[in-house]
Amino acid sequence: MVAQWLETLLSRDPLAPRRAKFYRWFIMLAVVAFTGETVLDTVPGIFGAWESVVILADRLFLTVVAVDFFVRLTAAWLSSARWQAVVGYVFSPFGLFDLIAFAPVALSDLLGWPHDVDTAFGILAFLKLARYSPALETLGAVLLSEWRPLLSAMFIMALLVLFTSTVLYFVERDLNPGMISIPHAMWWSVVTLATLGYGDVVPLSALGKVLGAFVGVLGLGMFALPASILASGFTEEMRRRNFVNTWHLVAKVPFFAKLQAAQIAQLAALLKMQRIISGEVLMREGDDADCMYFLISGQVQVSGPAGTFVLKAGDFFGEIALLQHCQRTATVSALTRCQVLVLDARDFQQFTDKSPEILATIRATAQARLSQGEEQTS
Amino acid sequence: MVAQWLETLLSRDPLAPRRAKFYRWFIMLAVVAFTGETVLDTVPGIFGAWESVVILADRLFLTVVAVDFFVRLTAAWLSSARWQAVVGYVFSPFGLFDLIAFAPVALSDLLGWPHDVDTAFGILAFLKLARYSPALETLGAVLLSEWRPLLSAMFIMALLVLFTSTVLYFVERDLNPGMISIPHAMWWSVVTLATLGYGDVVPLSALGKVLGAFVGVLGLGMFALPASILASGFTEEMRRRNFVNTWHLVAKVPFFAKLQAAQIAQLAALLKMQRIISGEVLMREGDDADCMYFLISGQVQVSGPAGTFVLKAGDFFGEIALLQHCQRTATVSALTRCQVLVLDARDFQQFTDKSPEILATIRATAQARLSQGEEQTS
Amino acid sequence: MVAQWLETLLSRDPLAPRRAKFYRWFIMLAVVAFTGETVLDTVPGIFGAWESVVILADRLFLTVVAVDFFVRLTAAWLSSARWQAVVGYVFSPFGLFDLIAFAPVALSDLLGWPHDVDTAFGILAFLKLARYSPALETLGAVLLSEWRPLLSAMFIMALLVLFTSTVLYFVERDLNPGMISIPHAMWWSVVTLATLGYGDVVPLSALGKVLGAFVGVLGLGMFALPASILASGFTEEMRRRNFVNTWHLVAKVPFFAKLQAAQIAQLAALLKMQRIISGEVLMREGDDADCMYFLISGQVQVSGPAGTFVLKAGDFFGEIALLQHCQRTATVSALTRCQVLVLDARDFQQFTDKSPEILATIRATAQARLSQGEEQTS
Amino acid sequence: MVAQWLETLLSRDPLAPRRAKFYRWFIMLAVVAFTGETVLDTVPGIFGAWESVVILADRLFLTVVAVDFFVRLTAAWLSSARWQAVVGYVFSPFGLFDLIAFAPVALSDLLGWPHDVDTAFGILAFLKLARYSPALETLGAVLLSEWRPLLSAMFIMALLVLFTSTVLYFVERDLNPGMISIPHAMWWSVVTLATLGYGDVVPLSALGKVLGAFVGVLGLGMFALPASILASGFTEEMRRRNFVNTWHLVAKVPFFAKLQAAQIAQLAALLKMQRIISGEVLMREGDDADCMYFLISGQVQVSGPAGTFVLKAGDFFGEIALLQHCQRTATVSALTRCQVLVLDARDFQQFTDKSPEILATIRATAQARLSQGEEQTS
């Protein structure tokens, strides 16, 4: 029972009980506060008379972070796998981040290590937040799959830095104190090619300025390469992850259950998952229609000429406006937290082309809803 | 009657009477002038001897802005919904912007509040322009749909700023007055990662410069992420809005009336709406052909071998050159303001593949026009 | 006869006689030299003892530019349209650029206007080069078709500049001489949002730096919008122009003559035009194959196991490696300047799917060539 | 025999013996160390007492680089082509880079040329690394295929620099020592348009700042053009190269042997090559499935309910989860270095649509594996 309580406490399912969300935000705030305090602490005398209060708060945050580690350790121990789960947790990246977030600082306090060690490890505590953001994981996947073009771009950059700094060194070495050696000129070269332009080293001779102008323009093109490789890799990876998520969601909807796996893959590419908070209005009667919805979890309330009724997980809505190319015929709002799959008007035809049986079901439902509305209003 | 006059005055329909356009531009100019005056007013003595004139103009602009609010309030009151429309207007974002644009400044003048309040609220008046630009709305939609990847990118950025500033702090704290604490080093770190490079803080030691160069290059890649996420989200949202607009336009054309909603969605993805001013020449006889047009509103004049005739909303033109792969056979110019849907040569085949009945109509019309031209010239 | 000689002299057709190319380069060099001289002339005493020589050269360049105008005027006069062509030329943008390039400077010299007028108009002569680069035209088309999103982006930028400068002004006005008024703070704001970072105005207070850091990051995202809108518009416009060019080229090839216009549009989207200089080697026996070629103009020589033969405009080559998925079976080099349409291996299947009759022709030709090669070698 | 040994030593095939890899890394390190020493050598007294050691190391690296040249020369001589191969090597770009990397420095040492010559040629040695990175070749291909839009962008930039610097020169020439002539103002203009913003020249007058702000914003848009042209060209070229590589790999797999060349081209566009190191785990039982694999070379071990077995080049795996839309049913790890072709879940349907015979084979294999598993576990 304790095991189950802990499991739901640590759960990241959007449908988990409310305490999971509170616990998550509590830990996140503690980590941010702890890191923030470590950063500010390097400014001498910043806390003034409040120093003792801040130190106390700091200890408190550290305790919270430590407790979180032991909560997770206990949850692992209470799972069916026991020792294996504990070891698996401690040596996973997230487990290591949890440990690093408090152990070294505590140790350093106990053993009286210099304050710098505290600072360095306090900063590392920020990594604990990686658990709540898939960004680092995504970035890792991108770096892994794009390391070849990135390396190519790095090689071109290295060549550019090397050659431009050598040329500027030969031109300006006798008159520019910032270019008295190639390594000095390299600092200028990187600052220019990265379009930083600190201005601490600037070509001084006319020839140096002409060459420097070319280097600046060159940099725009060449240094844009890794940026665009990373950006497109990141976008691609996000899309890929969304596809796999949607793919698994679609398979769970009873409505799509009779479809073959290959068909599901096609539909998943067209649908987009969206989270709706309780009370949010998804469409208003009379609005222009640009999509329809499949309800994955939660409940929505439909109010229209056919009266008010409630839709549950597995139902769909918003199809009438797409089928008849008219404006919304009802207002739909969320009664609980919901997950919906959104199908754009643009993709509707492609979707129904690929699964005519689904189109038939949607048509029949729309027909039933409309005739119900007519009875009601007549 | 007043209600209708006000409605057309405030209308944004491109086919509304001319006074709507004048009123729109008048309000926009008043807002820009009022904001401009507020901005310039912070420069001491900038208006010199003209100060009294400027203050008078300022009052005038403020009055215009206030009158606009009451005009819109009256228009709401005169609509069928009465109180509901009035409340709806005042509490809509645009209504609030209209109110904020003049009420606080007027109040502050009445109650003798400090001049700073005038300045701050005068700047806010600029938001009134949001009504005339869909940009803010689009931006909001983008931030809403892309907040997840943006948050991921923000987390990576925060990590980068935190770690790079900590490292530089440890390397340079004893010799660089700009890096005497981690917060100080963070200023350098953000300025470098954003490729700003003010140059007020610069690494001074050799090791600091080597690390700083890496940070500069890193920044190019990492800080490009949010830029590209926002840029692609913005482009996608603009396209989506255009699609929905075109979708509704297509449905209004009698020519497309017999099509099913799903077919309309397909066509809408291929067509692009374009506004033409009166007198503009759409094509010239002998030009290379790259598209055909469907006329949504307004009138165009066609002058060719078949003589001169006028086309009205619902007609199409420019199809002969696409069907026969030849140069333009007539010159077409707009007689009035027009809206046309443009179909690129590249998409013509895809378009007619998806609706063979439309191709038949286009073919028949082209045939009729050509034979008419032959009779005329023979 | 003079008319024809002038016409070929001014022709930009890649197959025009050699003197057209020489004349083009001669005019371009004269314009660049003239503009360069005007620019350098603003540096006092830069030419030293050579001043009189430079002035002479300047006069010479001016004469060349003037003669070019009269040559073009004569060519227009000698055309069949006479006065109409002359007026059309003088009032076309390129005609105006030609006139502006020399007339005001000459006039200013005659009437003894101040030297500044010479400088200003000398710089404008550079516009004469626009004739030889389609860039300005393309840019105009992009600005025309993308002015709506660009205006939206401008509005967001204006909002950002206005609000960030107001905030920083209130924070720093008393301590920062660079932010003593909102217009002063706007200079900082633009310099920061454009990621320029001159460093002449920098926030000085802690709060100002925190806010400034946010502005810097914000700028990365917001100011990337117009850049990406322009960049994608430019790319799209270039592709569109290439499509129309290819479309007209395809229609001229006898091989594609029997196709319908709609099919040509499909093929044109897959083919890419490429210019080949005389002597260039297009493929070498044994190379990996990634495309096939259709010869539009010029001649190529094929050397393989089947001996050496010459292909002329309308022929195709490189198809065997694509059909049999093997390496190149012959070496092909250009005997004259050529224009070819390139079809990528990736698009080959799509191409032949859409026009099976062409595939049949290609197959038959490949078969004939192979059996010929076997006879030869056996 | 020596010839074969040398050939494998210099081979870049990922399946070549281990000594090839060691030799490759050895040469790369020697080149990097040699270039690094040359760069650092320009800092007076940087090596201090170690100077003699460094000079010795430098000589050693130079010898290694020289030996590499002669090894490659010998390998060329020992090939069947003899003299032709030797000449071909020496006059190939890579051969020239190999020669330049040591010959001029050695010559300069022998003849006592000034030290600057050593430095300049020592930097050029870095080009020897080009052999190990396809980046330079790719960049060359991009510049070749995109020179037209790049030239267009350059022309617009030149116009911008010319006009903005002229305007600022007229506005600020009397008060700004950095804008006393147009060439001086051009330095500011380039630094601003490239968003460098050194801050050494900054507009000083109010009008100059207003114009400068516009130039800064303009620069963002205009200078983004070449960056995005290059970036998209680079990405396209990488994709093209990958396609051709995959195309040749697919043709080698016996499983795809019965397909026609055109079908192979279609499949190649969907598959992605990936290198796997020995011991790497490709999938774990219970994981979410998002792709299937075709094994090109090497061996993998499959452990699942059907026991443990080994797959060899030509086999495929991971298909069950895609066909049945379930989680992974087995764990797969690499026994040797492997090359696999990856097929995403998203593209699976498209893939099997285009080659139904392959789908039948995959289905049959999956069925056999599953029934084997049931026998095993029952």
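Letters A, B, C and D mark the chains in the order given here, with residues in each chain numbered from 1 onward.
Basically, a contact is a pair of C-beta atoms (placed from the backbone, for glycine too) under 8 Å apart; a residue touches a chain by one contact, two chains touch by 3 or more.
Just so we're clear, the structure is a prediction, and the values are computed from it rather than from any experiment.
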(message) Can you work out the rotation angle that lays chain C over chain D using Cα coordinates, in steps of 5 degrees?
(response) 90
(request) Would you mind working out whether chain A and chain D touch using mostly the same residue numbers, over half shared, or mostly different ones? (result) different
(request) Could you please state the distance in Å, as a whole number, between where the Cα atoms of chain A are centred and where those of chain D are centred? (result) 28
(request) Determine the centre-to-centre distance between chain A and chain C, using the mean Cα coordinates as centres, and give it in whole Å. (result) 40
(message) Residues of chain D that contact two or more other chains, please.
(response) 183, 186, 195-199, 224, 227-228, 232
(message) Under the definition above, what is the set of chain B residues touching chain C in their complex?
(response) 35, 38-40, 42-44, 116, 119-120, 123, 126-127, 129-130, 133-136, 138-139, 157, 183, 186-187, 190-191, 194-200, 223-224, 226-228, 230-232, 234-235, 238, 288, 290, 322-325, 344-346, 348-349, 352
(request) Would you tell me which residues of chain D are touching chain B in their complex? (result) 195-199
(request) Provide the residue numbers of chain C that touch chain B in the complex, in ascending order. (result) 149, 151-153, 155-156, 158-159, 162-163, 166, 169-170, 180-184, 186, 192, 195-199, 202, 206, 209, 213, 216-217, 219-222, 224-225, 227-229, 232, 240, 243-244, 247-248, 251, 261-266, 268-269
